[in-house]
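As written, the chain order gives the labels A, B and C, with residue 1 at the start of each chain.
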Amino acid sequence: MMLDRPQHLPLVADPAPANTVWRATSETRLSRVARIAGLAALAGLILLPAIAPRTLLQDLFFVFTILTLAQLWNVLAGWGGLVSVGQQAFVGLGAYVLFAAIGLGSLDPVSSIAIAAVATAIIAALIGPLLFRLEGPYFAIGSWVAAESLRLVCAQFKSLGGGTGMSLQSSVYSSLPGLKSVQNLFGVRPAIARDIVLYWIALAIVVVVMLAIYRFVKSRHGLALAASRDNDRAAGSVGVRTDRIRFALWVAVAGMTGAIGALAYLQKARISPDAAFSVTDWTAYVLFVVIIGGVRTIEGPVVGVMILWGLIFYLSQYGSLYLLVLGVIAILVMLFMPKGIWGAASHRWNVQLFPTQRRLFRNAYH
Amino acid sequence: MTILLRASALDAFYGDFQALFGVNFQIARGEIVAVIGANGAGKSTLLKSIAGLIDNRHDALRWGDEAIGDRPAAEVVRLGIALVPEGRQLFPSLTVEENLLVGAYCGLRSAPWDLTSVYDAFPVLRERRDSRVTVLSGGQQQMVAIGRALMSNPTLLLCDEISLGLAPIVVEDIYRMLARIRDGGTAVVVVEQDIVRALKSADRFYCLQEGRIRLSGTPSEADSDTITAAYFGT
Amino acid sequence: MMDWLDVATQGILLGGVYALFALGLSLVFGIMRLVNLAHGDLIVLAAYFVLFTSSMAGLPLGVATALAIAAMFVLGYLLQRFVLERVLGDEIMPPLLVTFGLSVIVQNALLLTFGADSRRLQAGAFETGSVSLAPALKVGLAPLTTLVAAVIVIALLQLLFYKTSIGRAFRATADNPEIAQLMGINQRRIFAIAVGISLAVSVVAAVSLGVRANFDPSIGPARLLYAFEAVIIGGLGSLWGTLAGGMVVGIAQTIGARINPEWQILAGHLAFLAVLMIKPRGLFPGAGHDAR
């Protein structure tokens, strides 16, 4: 197989001297093919609303939001070592900030999403130092306590529906950007046009988040984090303060998680504390998607979310059976395929679409 | 003399790293055998291999007629092999007496060594039986470590660097103790970096260098130049 | 004045329940550094086991409890040998994720089997009986028994840890697993027994839960969190500290509930976060065998 032949990609920015023999690269020919295929798939997804039924768009909206959350959790836990089971805190917070901004502040939906992201990041920055006092595995339960506390606090806001929640009025969506054009272009009702616009926003976010994570894990900071997972002192000795990177990562991931929460509940149009802070909906799915697909890979969550979608599609008629099945699959994968389905496949056939491991290659033609 | 334990063509690995190469070694009932060598020569690896902390080829180690190379540590101790590990490695949250009692966890043999006889051998430990081991002096800690190993009433006692960091007078005491243990019929392997100390008490010795046996014999027949050459590989 | 005494009494009694929830969690963390995210759901599973064997199959509550203790011990033993053992290691993520998966599985299996309805264990007059500790200070028989049970369980565990050979083996393994093997201690067996005991203890918690209050398949994670708060507030590795931690959570919740019933749970969480802020290593750090 010739798939792994490297492309020329010098490690340093200035031109390599002619006698350079070794280069580090993470790019492969396959990853270049994948990039072209990915761009084609992206174009297809952008154009999909022209032909797809509304239910498919809603399904894909769900897939994109869960995929984004999975990618975010993967970078937080997999690369950052911050194994949180309380990310529903930020989904719920983002959603509540959006409802507050729209319902109480009369802002438009898109600015409300941005505000939700910023507010969530700020709250994450405030509770971060407290949670970071909990060592290793206790951080996980601590993050869960924080999420529960925030749920209970949100339930106290009577103006936002208290414990029972509230709904958005459909007039809110009239200020969604591009709504009128979509209505005219596709000749659809406003409700469908709204789904199409929200679908595009979710698609845009998942693409941007994946590319950003890809860039981050290949950056100096990402590598330092990966190194510190193995050996904290080694990372410290190359002059990188991994605790600061970790904190920044925590805040950034929380902010983006908040944006997704806001978007998801903008689409649902109805919020309640129990739903918005649900461990099952916003953390169990996400963790299982990452575990099943493959921790510490960009491709893994994509594989995982497809499996999740399939299970929900075929099993949701049997109540919560799909969750049980999902849990069993996740545990079996952890036991017998610790790198996940994608991780195992990628190892077996030596394939990486988003190569994150650098390799050294001898430079044959200098 | 009955050979208790025999290592033949023993290779030992830590992951991909090979620490011992074709080591042949044997020890008989009632002898003290010293294993000397520089840092990293493979002395501790040899003891860990025998004690079962490192997994080896099935027949690389024989206990009498039994091949025990792949036995886990928890089973090896039941055969009658006890290790006093390097750095003593006592259980810090246990008292002196509890450390000793853990040594008798298997409970297969209770003579000659039990709490009373260990306290008789190391009277200072009796006074400090209820102290946490962390507050003991280095010499006292070493006594607990040896006592803990004796509590399993081993036929073969493996001692890894037991003189390290101790005052010479304490070291003398401990070696006198080892001689008594040997005289009681137990075979003793001492691993030391201190050649003089080790050879003074040993009946036989092996010298390891970079994972291979370079020299073996009795202390009386080996002159210091030969040993130095085998030790440093010059 | 009497009201505060009442709050303190109720809080302390509630703390007994939370301590019972927490003991199993504290135990496995102390011995094998395992954080079992399924702990709360396993307590609920035990409650359903007792419910099934007593209310449905007609056994007396005591017999059903004894049966459940044996069954949960075996479950814990097998769980460790066939599942958890494979993922315990230097990395913290695998055991966390496996126990999280287990939590979801247990929860949904109970939901599919018994439905979402609230249940309660029938304990006759015991449920509603009360005793007067002082004039105007009545306490429920069930909560009082729970606290006594918590104290007895802790005392028994302390006895096990400090007075028996297997207890020394637990502590030695917690200190240094490799050296413990040199003593002939089979670490795999010791860990499996530890998880078994942890789940056996959780049966006591389950019965006290089921007699006092309604339960349904979804309440496990909340119990896990109370238990976790009790462990952290008390200081890792100290069983009596865990009891004290449970009482801090219990009193905080009782005070919160007096101010506004909706604030009960939140007050407990806030007390936990406050302790974390002021004393990150808990109120009694390093008591008992220390958790490194």
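To be clear about the criterion, contacts are C-beta pairs under 8 Å (C-beta built on N, C-alpha and C of every residue); 3 or more make two chains touch, one makes a residue touch a chain.
The shown structure was predicted, so the numbers you read here are calculated from the model rather than taken from an experiment.
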*Chain touch graph shape: choose line, ring, star, complete or other and state it.*
line
*In terms of CA centres, which chain lies closest to the overall middle?*
C
*Looking across all chain pairs, point out the one with the most C-beta pairs in contact.*
A-C
*Centroid spacing, where centroids are CA-atom means, of chain A and chain C in whole angstrom*: 34
*Let me have the rounded angstrom distance from the C-alpha centre of chain A over to the C-alpha centre of chain B, please.*
55
*Between chain B and chain C, what's the gap in Å when you average each chain's C-alpha atoms?*
43
_Where chain B touches two or more other chains, by residue_ = none
*Contact residues on chain C for chain B in the complex?*
165, 168-169, 171-172, 174-176, 178-187, 289-290
*If you look only at chain C, which of its residues touch chain A in the complex?*
33, 35, 37, 83, 86-87, 92-98, 100-102, 104-105, 108-109, 111-112, 221-222, 224-225, 228-229, 232, 262-263, 265-266, 269-270, 272-273, 276-277, 280
*Quick one: in the complex, what on chain A touches chain C?*
77-78, 81, 83, 85, 130, 133-134, 136-138, 140-142, 144-146, 148-149, 152-153, 155-156, 163, 279-280, 284, 287-288, 291, 295, 319-321, 323-324, 326-328, 330-331, 334-335, 338
*asked:* Show me the residue ranges of chain B that touch chain C in the complex, using the header's touch definition.
replied: 51-53, 72-75, 77-78, 82-83, 85, 89, 91-94, 98, 101-103, 105-107, 148, 152
